[in-house]
Each structure stands twice: as C-alpha cells, then as structure tokens.
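Presented sequentially are two complexes of chain A, the first with chain B as partner and the second with chain C.
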Partner chain A sequence: MSLLTSSFKDYKELQLAYSSPAVVLGIFRHISLKAQHFLMIFLFLDRMDEKSLVKFASSATEADEVLQELKSLMLYTCTGGNISMHAEVQKQLKAMLNGPILCTLRTKSKPDKRKPTIEDIYKITQNNWKNLIDYLIGLRERVSVSILRLLLHSGLVYQNGQEFPKTSECFRFLLKPQSIQIEFLLKHILAASSDKVKTAVFLFNLSLAELGRDYSTKDTNRGIIEDLTEIGLLFKCKQRSKRYYVAPPVIGLLTDSSKPIPLTEKFLTVETNFRIYAYTQSDLHIVLLSYFLKLEYRLPGLVVGFLTRDSVCDAFKEGLNANQIVDFLKNHSNSVPQNVSEQLYLWEKERNRISEYESYMLEEFADISLYRSTLNFAQGSGAYLWDNFDRRVIILHKSKAEPVLKYLQSLDRIVS
Partner chain B sequence: MVKKSEGIFICCDEPIKQYLRYLDQNHKFIIRDLGEGQLFIRQDAIKSVKEWVEEYLDQQTFRKPESANNFTN
Partner chain C sequence: MEDRLPAKRRIRSPPESISKYFDFDFSNFKLKENHQELPLWICSNGHIFLETSAPSYLQITDFLIAIAEPISRPEHIHEYILTRYSLYAAVSVKLETEDIVSTLQRYSKTLEIPSSVIDFININTAQYGKAKLVLKQNRYFIESPYENVISDLLNIESVRKGKEAASDVNMEIQESHVEDVKEEMIRIMDGENPEDIEKVESCCVANEYIPQIRQDCHKENFPLIEEYDFIKDDKSPRLEIDLKPSTHIRSYQEKSLSKMFSNGRARSGVIVLPCGSGKTLVGITAICTVKKRAVILCTSGVAVDQWKRQLEMWSTIDPALIACFTSQNKDCTIDVAKACVVISTYSMMGYGGKRSAESASVYEKISRVDWGLLVMDEVQVVPADMFRRVIFDVKSHCKLGLTATLVREDNRIEDLNFLIGPKLYEANWLDMQAQGFIAKVQCIEVWCPMTAEFFQEYLNAKPRKKLLLYVANPNKLMTCQYLVKKHEAMGDKIIIFSDNLYIMELYSQHLKLPMIKGNVGHSERSRILFNFENTNACNTILISKVGDNSIDLPGANVIIQISSHFGSRRQEAQRLGRILRPKINSMDNDFNAYFYSLVSQDTQEMWYADKRQQFLIDQGYAYKVVSLTEEIQRQNDLMFYKKEDQKTLLEKLLQARDMDDDIQVDPDDITPEAMSKKSADAFSSNTSTTTSRSYQIQAHSRNRLFADRYKKFKKNK
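Up next is the complex of A and B:
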C-alpha cells in the first residue's frame, strides 16, 4: 500500500512496523488479491521453492509480478531460489485466523464524565473537516501554523512571501472523494513525522478504533493528535483534554477490505447543449464547478452554468485534465451525454498540439556504419528518441544521452 | 565527425509546423526542419512558441457571440 511503502525508505523501519497487528492487517488488505491469495496458500509453510509458485498463478509473468509486489513490501524474502515469508507477518496472520485483532491504542481507566454523544463527534469533526476544505477553496482566511506546514509539505499550497497560494495539486485534491483525501493527508503526516514506525502503528490503529470510545493521549505524539483534531479526524472535548475520540471517516479507512464507495450526491444534470444544472447549496460544490464552468445564474438551491471552451481551457491551465472533469461529472450525475465528454477530450487534445522533448541532435555522420552502430547503441541504452536515415540525424533524450555521447567520444568521432 | 547540438525536439501536425515556419521568418528559432511534423528548435524559444500557438488556436476557434446567449432557450 502506498501509505507505507512511500514513507519507509529504510527496510528496518518497515520490519519494526510489522510487529503491530494493525499494520499487518492494513498491508494485507491493500495488496492485490493475487498477492493475498499467495500469502494465504503458503501461510503454514516455512519455506518453498520459487519455481513452484508458478503453479498457483495463471502465467509465469503473473507469478513474477506478484512475487515482486510481495518482495517490495518485504513480505517475502528470497535466498538461493527458496522463498520464506516474513516471520513476524506469518505469526500475525496465523493469529488473525483465530480471532479479530484488537486496537492497541491506550484507553483511560476511568470513564469520561463529559462523554460526547456519537452525533456530537460526527457533527463537530465534520465541521472541522469542512473548515479545512473551506480554507483550500478560499472561503476561510487562515489555518493554524502546523496545519499550514502540513499543507505545504503535502504540496497543496506553496509559499510566496507572506501569501500561500494553492497549487494545481490542490485542485485535483478537491475533486477527489473524502476517503482518498484523508488517506493523502495521513500519508504526508506519516512522511513528516520524526518517529515513522510509531506514527504508522498509531495511524493504523486509529483505523481499528471503536466509534464513541475514548482513548488516552498518553504515549502518543501530541502534535499529531492536535493536527488530526484540527482537521476533524479526531475529536476532543476540550483543547486540554487528555482523551480523544476517533472520527467516523477514519474508522476502517486503512484496514477494511472493501474499498469505501465514494460518497456521491447526484446533484448535477448535464445536458447535451453543454448546460449544467447543479442542485446544491454547498459552497464547495459551487467553487469546484466554477473551476470549469461559466456560471450563468445562481438561485437558492440551484446553480446553472455552461461548459465553454474558454472555461474548460482555464481549468486545463490550472492543472486539471479532461479525465478528471469527466469523472467528476459522471460521479455526480446520472449520466453525461457522450457528445459532452467527447468534446472535453477534444478540447484537451487541441491544447496539446505540440509535444516537446529536451534533446540532443546528432548529425553529419560520415559513414553509414557509424550511423548504424550509434543508432543501435542509443536504442539499447534507452536514449533514442527519433531518427531519420535519409538525413542521417539521430535525436536523443537529453537526460539519458550521456552514455551515447561517451561512446562516440571513445571512438573519437564527435565534435565536442 | 559527428556534430552535436542541444535543443528542443518538437512533434506536431503539419499545419502547426507550417505556422511555426512562418513565425520563424521573424523570430529565427528553428535550428533544423526535420521533415514531416518534426522540428528541432532553440531551447530558450519553447515557452514563447507554445504561447504563440495557443494564441493562434484561440484565434481559429469560432464561438457564438455573447448576445446570442439571450436566445438560447
């Protein structure tokens, strides 16, 4: 799963994180079905032959892909043609067969005197999350310094003097469903934390937490709890409180097998004449629509706009692409007329009339054999971009050209 | 001896290429015309080239006049 693999560069850290059942479960649920299948088949074997794996896959390439996936996560290790499963993971998975795994977050021994109701937790955390989104769409002026640091780190905003303008990554972020947005932020919280193993174990355990149960802030990084509370992923009665509750969208996020279906309200009607009716009061929806629509009028509960070439091209300049716009329209309406989606793709294509590559041009080859050998060398090293035999021209990718240039230098056949 | 030059390799369709060749008469950015739809141009020129093409395409797109919107219902 991307959350872990991208954050742990060091295998030792990954090893340590595997001692937590929550992490193992989270990883297991997020690898491909085939890889899960492989892990389960060989769960009770200590060692097996690398070649025998092929029997359990539909083809040799598939077996190889699955093996690579498992190896990249250190779930399998290979020594001399023999494969063995990560001992700790094997132990944990066996234990999971016997019963559910429990959340290892620290709880308080005394019950909470001011216990909030589940509705309260739901309402307040949702509101805090909305504040974050409001900031990103420009409806709120400020967020706290540590949240700003998180947004900078995750590339949603950048610093320009005293200002923090949004990046094009931010536009794409806003169009995604909430579960993916949360996962994105958790990933960056993990990447920015100092003790990655501890943070990973904590985040995966949050996903196993029980709704409406209080957990103790002891033993956990205060800063992370503060951050998560501010963006509405955790709930605390008071700033100073030593207990926290976990917000509903976080529960099961990292450890549930079924990918949560994105919450989609079908509030859009897209007509074949490029007119869009949006039955919505939400500022977020209206701001998102205004990225690629020319808004015509706004009534209470209804916004009407047009997709025009100009409005869509403006969105392309902001870093959106036609696919993302079509996906957004499809997710929020019952159907998108084909002529509209085709036209969006055409407008995008029209903008990309030129493809450009940074490159070196080699020309004036004296003899054909040198031309041929250079061409072969370039194709072999991956630097080859284009060639024309009649003109005796070879174009090379600039970033990969070094070996080819060295080759020509070694033959002493290049003007440098 | 082989000659090496640095620049930007461009792939485009023929109409755009012809337009770039027309621009080149004034701005001199093409290093080598490589035949059908391929050009090799100066590295510093790419930004302006893209702007010019975008401008040109905007000019070539015809949209209905604003006032016509009133009659679209």
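Up next is the complex of A and C:
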C-alpha cells in the first residue's frame, strides 16, 4: 500500500504500526486480491514450505509476484525455506473475523455544546477543499504557510524566489478523482511527520471514524489536525476547539475497499470532430479543460472547446500524457470516440519520436583515414551522433565535441 | 453590410478571471426553467449549437437547415451559423422575419437571445420581396410595385450600367408588362391590399450584368426575388413528361423539392444531397414538375449518358425529345421550337474558343430561346469562370443546382448565391446513413512510413518530385496491393483512385489492372466499367481524377486512395461518394463499405490528408488511423518487396522528367504556405467564410511536418 511503504524506510516502525488494527485493515483492503488470498491461506498456518506455496498460485511467477508484494510490506518472514506470516498481522486479521474493527480515536467525555449538523460539516469541509484546489488552479492567491509547506513537500509546487509555481505533478494531480488526491496528500502528511507510527495509526483510524461524531485532538499533534482542517479533511467549530469531526470523503477511504467510488460526473460530450462540450459551470472543470483544450465558447452551463494538436502538445509540455487525458475524458463522458483517443496517442508518439540535440558537424575530411580515425575517436568519446560515409560527414553532440576537436587539432599538427 | 456577424471578442467582461480562457463568453445569459428540454444555444456571433438528444430535434433541424448553414453535424451536437445567404434562403422559402426570431426564441435555452442576432436577422430579411427579377422573351427585367425602389436600385452602379446597356428595350415603354407584373406582385405580397399597388415600375437590364446586379442588390439588402410561375406560363411550349407510376420518391427527395416548389412556383437554388442518394431523380422530378424545355449540364460524357438513361428509366418522356450535345455528338438535332430536354457538359457549353460549324449552330439554337429549367449537376464546379458563361448563354426561368459537397478551397462557393440561388436544402449524412439510404462507410487513414531511401531523396527534392516520391513510396504500393488482395478475397469490388498517372500506370502494369483515365476513349471506358459491374473477371479498377464525379458504380464497396489532389475536401467527399450507394445489407449496424486513404508518413501528404478530411469529419465521419506495417512485412510476394526493386524504382523516378500528369490549375491547389497565409487573412477580417473552417483545419493539422523540424535540426548544426 503506497501510503505506508513509501513513508516507512525503517521496518521497525512498520512493525509497530501493525499493532494498530486500523492499519492492518487498511493494508489488507488495499493489497491485490491474490495477496489477500495468500494471507487468508496463512491465517491459520504457522508456517509453510516455500515450494508448496506455488500450488496456490496459477504459476510460479505469480507466486513470486505475490510474495514480492507481501514482502515489501513486511507481512511475512522466511526462515530456512519456511514462510510464516507476521505474527501481529495474523493476530489482527484473526480478530477481524470475529467482528468489525473499531475506531480507536479518542472521544470527548462531554458532548459538544455547539455540535454542528452533518450538512454543516459537508458544506464547510467541501468549501475548504475547494479553496485548496482553487489555489492549485490559480483562482486563489494564497494558502497558509503550513499548507504551502505541505504542497512543496508533496511536489505540487516548487519555490522560485517569492513565487510558488505549480509543477507538472500538480497538473496530473488535478486530473485525478478526489479520493486519489486525498490519499496522495495523506501520504505526504505521513511522510513529513516526525512520529510516523503515531501518524499512520491516526490517519488509518480517521478512515474508521463515524460521520458526525466528535473526536479529541489528543491523538496526534496539533499541526496535523490544523493542516487537515484547513484542506477540508477535518472539521472544527473553532480554531481552538479541542474536538474535531471527520469529513465525509475521508471516512472509509483507506479501510473500505467496497466503498463505492463516487460517480464521477459525466459532464463531457466528446465528438468525432474533436469538439468537446462540457456541461459545467465549475471553474475547476474549466481550468482543467483549459490544460488540453482550446476553449472557445462559454455559455450558461455549457463550455465548448476544441481538442487541437497545439492545445494537446501544450498539455504534454506541462507534463501530462495522452493516457491521462484519455482517462480524464473517459471518466467524465459516456464514450470517447476511438478516432479521438487514438489521435491523442499518435500526437504523443509523434512528439516522442523526435529528439533534438544541439550538434556539431564535421565535414570535408581530407581523406578516408582521417575520417575513419575521427569517427573511431568520436565513437569512443561518446560524442558521436550520426555519420554518413558517402558524404564524409560526422555529427557530434555539441556539448561533448570539445575532445574530438582537440583530437583533430592534434592530428593537424602532426600532418603539418 | 457584412455577410456574418462580426466576431466580437469578449463582449462584456464577466467579473471572474476565468473568462480569460474563452474567445466568447456568454455565461451571463439567464437560462429558461425548462432549458433541459430545449435544443438550442444561440451565441451572439451567429453560431448556434443544437443538441440532438432534445425531444424537438427533428422539427428544429428542418427549421435550422432553412435559416442557417450547418458547420458540423456529428453525433451529439450540431453547429450552425447564420449568414446573410442562409437568411436570404430562408425568406425565399417564405419564412418571415418574425417567424425566424420567434422560433429561435422558443427553442433557445436562454431566456433572451442576443440582440445582435435579432438585428442581424432583421437587417437581412426585412427588404426581401420589394423587387423582382424576371425573364421575358429572352430579356431580364427588374420590377417593383413600390415607388422609388427602382430608382433606389438605379443608384447601384451595375443596375445603372445594365439599364444603359439595354437602352434599346427601355426606350419602348413597357406598358404591356405592367398589368402582368401588377397581378404577380399582388400574389407575391399576399395579404397586402391590392389597392396599395398602383403602379409597377420596371426596367430592362442587359444579360451580362445579371450576376453582378444580383450580387450588388444583395449587398444593398435588396435581394431580388426570382420565382417562375411555370403553371401560368403559356408562352413556353409544354413538355410532355411525367414520372412513371413505378417511380418512388424518398422522403428527403420530396422534402428538398418542396423547398423548390412551395406555393406553386419554382425558385432557383441549390439542393445538397450526399452522393449515391439519388440526386438525379431529384433533377428529373423537377423537370417533370415544371414541364417546360430543360437543359441538364453535367461534368462528363459518361455522366451525360447516365442522365439520359435515368430520364428514360424514371420518366415517361419520349426518347426522341432528348438531345445529347457532347463532344462526340456535336451535330445533335434539336428542335428548340418544341419542348425538349438537352443534356450536355459544362465544357461543351462553356467552351470559349471557336466552335465547329455544327457545334456553333446547336449552341446558337440553345441560347436563342428561354428555357424553363436549367439543371446543373455537381454544381460545385460551376463558379469557375468558364462555367459562368453557360448560365448567361442558357437563359432559363429557373435554375436547379445539385451537389453533394458545397465546398471549394477558394471562397467562390458563395458566388453560387448570385449565379444560381440560395441553398434550398442540405441533407444530414449520418441520418441518411442510419436510415439506410446511403451505405455505412468506415473511413480509414493508413499511415505508410517512407522507406529510408525515399525519405532521403524526398527531403532534398523539388516540390513536384516530392509529390512523386511520397506517392510512389514502396511501402504505400505494398499496402495498396495488400489491401486489394485482402478485399478481393472477401468478394469486394475495389476502386483504386490515383491522381498521378505515372503511378497509376505502374500499378496497372504490376497488378494487371484495367485503368480509366483522361485519354481512355468512351467505348473503352464503358467496356471496363461494364466488366467491373457485371463480371467476376474484374474486381479492381484504377481510376484517375476523371472518375471523381459522376461515374456511377453501384457495385463498388471499397476505395483505396493512393494519390489525391492536395487538400481538396471536395475530392475526398466525391470519391467517398462512389461507394455510398446503399448496399444490400445496409440496415445492419456494421460497416459495409470501406474508404482507405493511404498516406506517406512524415510528408506533406499528412498535412493534406488532414485538410481533405475536414468536410467528411464535419458530416460526422470519423477517420480511423491505422498502420499496417507489420502485416506488410509478413508478406513476401508483394511488388517492391525486395530492396533492389525499390532502388530501381527510385532511380527511375529520379530520372523521370517532370511528370506531365493531368493536374490543371484548380482552385483546390492549395499549398501549406498559401493556406497559412489564407487563414491569417481570414483571422484578421474575422468575417471571411474561412474563419470557422480554418480554425478546424488548424485544429487538425496534427502533423506539422517532420521535414520542417528536420530543417531546424540542420540549422542547429
């Protein structure tokens, strides 16, 4: 599971995190079905011969892949050809069979006097999330310093003097569904935190939280709660309040693979003539579309644009690829005509087919032997790009041409 | 007065910065409550978007086709534009200003429609019907029941000159006409009180000024009505002709004719129907309706024969009354005193040089009398200057233009509004395909990589040679052969189109295929076509550009295009038209015809291919791009499979003197350079007709030339 593996360099920390049922559940729900299947086989076995494991997979390579996946998460140990499951994980998984895993976040003993309605939580957290996105698409001027730090850390923006321009990672981020965006940010919050085990346990538990229930801020450090509140993943009535509520999109995000993926709005109509009609009033949609469309008309509730070679190539330059654009179109429309998606791939292919190098050309060689020796030298020095024997032409990387030129000069001296 | 609404950019600046992304921002309009059921988005620059999913789609399509030009009609959302010509066409089929505005208002999703659109409609429709152009005894008259209209019109230079040139007639006072004219006008203005019309002013104008007069009057917003009351015309002899009882007219043919003949008169104009959907029958039905002398003009001798056959097949006409005036048949006997039908070609009638005695005598006979109807097939070729003459020498009460593709790469398609009349009807290709009236064609663009040797030569070649090299690219030749083999095995009938005669001969020799080109005689042509249609001995034929139009091959279902005329959208559509005749299994959902366009990768051909496809893409066709390189490499019995053969071919091509192929100067000869200049012009004026299209052309010029980059690369060295 990406959220964990990339954050924990230290296996000890990972082991500690496994003492939390929420973490184990989160891991279990996010590994591949095959890996889940393997874990279930292990559940009541103390150890198993590595070779007999192949029986449970369709092929040796598959067994290997699954073991790799489990190993990256430290879910099993192997001693003398015998495989056994991580004891703590085994225990947690067994417990899971007996009943639901409960959220271990601490609650307040006294009820909240200013308890917000669920609608309020929805509205305010949604609005805060929108503010973040608006900042990323350039419709808002600023975010708080700590969020900016998070964005820098997660590579969505970079620092250039006083400016914080968006990276190409940011363009890709924006085209993704919200659940993936949230997971991405949580991963970076975890990676940046000082006590990773504590944070991981906290974040996984958020996913088990109950909508509309208040929790105490004691489970993790203030900074994380503030950040999560600012980007609309948690809700607090007042900044100084000691209790928080969890935003709906976070609930179930990490631990519930059966959570229905919210239906993405099918607001796009893609035509065979490369026109795209977007039934939307959302600024976010418009900005996203502007990344790869030539926008033409904006009507109340309808945006009309054109997919052109130039507009798409601009998007490629920003770091998007054809697959991401096609995915975006497919996610948001009922169908993408084949000629349009193929064309996007062709544009990309065409772009990748040509590379330009600054180069240096050598010609008018006095004789064949000079040509040959220069060629040899150039090939040896790594400066060689292309040559043509008939025309006695050699082309070199400009940046690496220097030694070859020196070599030629030295030959000159010998000749003269 | 502009032809279109000026494309004002960002009319009001909406508060949010988001509007910076748009050329046009109309988001401050209010939507109606039931906007989801309504089909139209109307923009202040005259563009209209139509949602085909709306319940009222069918009614509103008929209406929009009458008042606006379709720009593109793919599956879900159609785009139209209001132009003054389209509005002129609308009023000439008796739609009134208020009807147009109120219908748009009713179907618009927004509460209000932009005032600029309403003004544009008012300006371009208000004056309609004040003046009329009539043909009487071989002379043209402008007539008006309104005082001062004629004198106003005389301020227009061409009208004044036309009147002066016809002074011999104007000297006599045209009292004799006045009564007729008055009666006519009362009918036209129906509803108006006849007493208001006290006097009809009339002036004769010389024939040669007519197109200019039409155009100028149009510009001054005095479009001249030209309607022919053929029922009341007892001066021209009656032609005995009717449709045979067995002849069945399809709904869209009837609809198009109803635009021409509403209120019992005939009006001139153009009917646009896809190839293969029965344009000929529309022309024949028009002749059967008017029942007067008629001239039919087509593009080639083969087409003349086809028209004659069809006339005899569908109608009850006495074959003795049909005269074919062609280069093979210069001395045809015509008795113009009686009603008859003359079928001829544009080149025959529009010939400007000295004619043979027989030809001159026939021509003189034709130009002496008034014709009831002039039917012009493939009318998109008419605006060429040589064809203008035809229209003036053949004086007809009514002109019917027929075409599938009302596009030319020059802007002269608009001339048709003055030369013939407005567009009366334009069918929707996708709808007709869905109903099985035309074949369901899969368009496929096959990318053929250039061989290294050919590409090397290509980069250094002169333009003419470049063309030859990308057309003769061995990979392309092999792809073609591969496709022929594949489709012949499936029992298909294949046409290979090549503009380049040299390459055509090469194919013909190697693949032992019959070919039809300019210098293949009439009888030989007929024999080849007969064999292709009726025997299994010949399943593939090669045709040069002489076969783009009017060769009717109902059996053919596969086209392979190996060389084509630069960026001509018209040629692409016309060629597609050769396989559009409905196929037996046409109600199936599967494709039953294939149109392959073979394109050499990294060459100018890619650029042209994009441009050529634009018309069909606007009609809703989708080109699938494929590469058959791997399949080709698996074959080892294709011609030029061996490197040595490729090398010999290349040497031969390089030695060949400049190819004297039959490419003439044609409006479609547009090079990338000329095109970019043109689109620059179009953008600066914003009103040019190419604006919207050049946008799209830019949009699809997906393959900026590899060679360009190569040059840059070279410079960097």
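What we mean here is this: the second predicted complex is superposed on the first by the 349 of 416 C-alpha atoms of A that agree within 3 Å, B and C clash if a C-alpha of one lies under 4 Å from a C-alpha of the other, contacts with A are read in each partner's own complex, and residues count from 1 in each chain.
In this section, contacts are C-beta pairs under 8 Å (C-beta built on N, C-alpha and C of every residue); 3 or more make two chains touch, one makes a residue touch a chain.
In this text the structure is predicted, and so the values were computed from the model without any measurement.
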Touched partner set for A:Glu119, first chain B, second chain C, both or neither: neither
Which of chain B and chain C A:Arg351 touches, first, second, both or neither: first
First (chain B), second (chain C), both or neither touched by A:Leu405: first
Contacts of A:Ile286 with chain B and chain C, given as first, second, both or neither: second
Winner by number of chain A residues touched, once chain B and chain C are compared: C
First (chain B), second (chain C), both or neither touched by A:Glu364: first
Partner chain in contact with A:Thr272 - chain B first, chain C second, else both or neither: second
Chain B versus chain C as contact partner of A:Leu307, first or second or both or neither: second
Partner chain(s) touched by A:Pro337 [first = chain B, second = chain C, both, neither]: second
First (chain B), second (chain C), both or neither touched by A:Ile395: both
Common ground on chain A, meaning residues reached by chain C in one complex and by chain B in the other: 273, 308-310, 350, 354, 356-361, 395
Complex contact set, residues of chain B against chain A: 1-13, 16, 31-32, 34-35, 38, 40, 43, 46, 49-50, 53-54, 57, 61, 63, 72
In the complex, chain A residues that touch chain B: 273, 308-310, 350-351, 353-366, 370, 374, 385-386, 388, 391, 393, 395, 398, 405, 408, 413-416
Residue ranges of chain C in contact with chain A within the complex: 16-19, 21-31, 35, 41, 43, 47, 49, 72, 74-77, 79, 109-110, 617-618, 620-625, 695-696, 698-704, 706, 709, 712-713, 716-717
Chain A residues touching chain C - in the complex, by the definition given at the top: 139, 269, 271-275, 277, 281, 283, 286-287, 290, 294-304, 306-310, 337-339, 342-343, 346-347, 350, 354, 356-361, 395
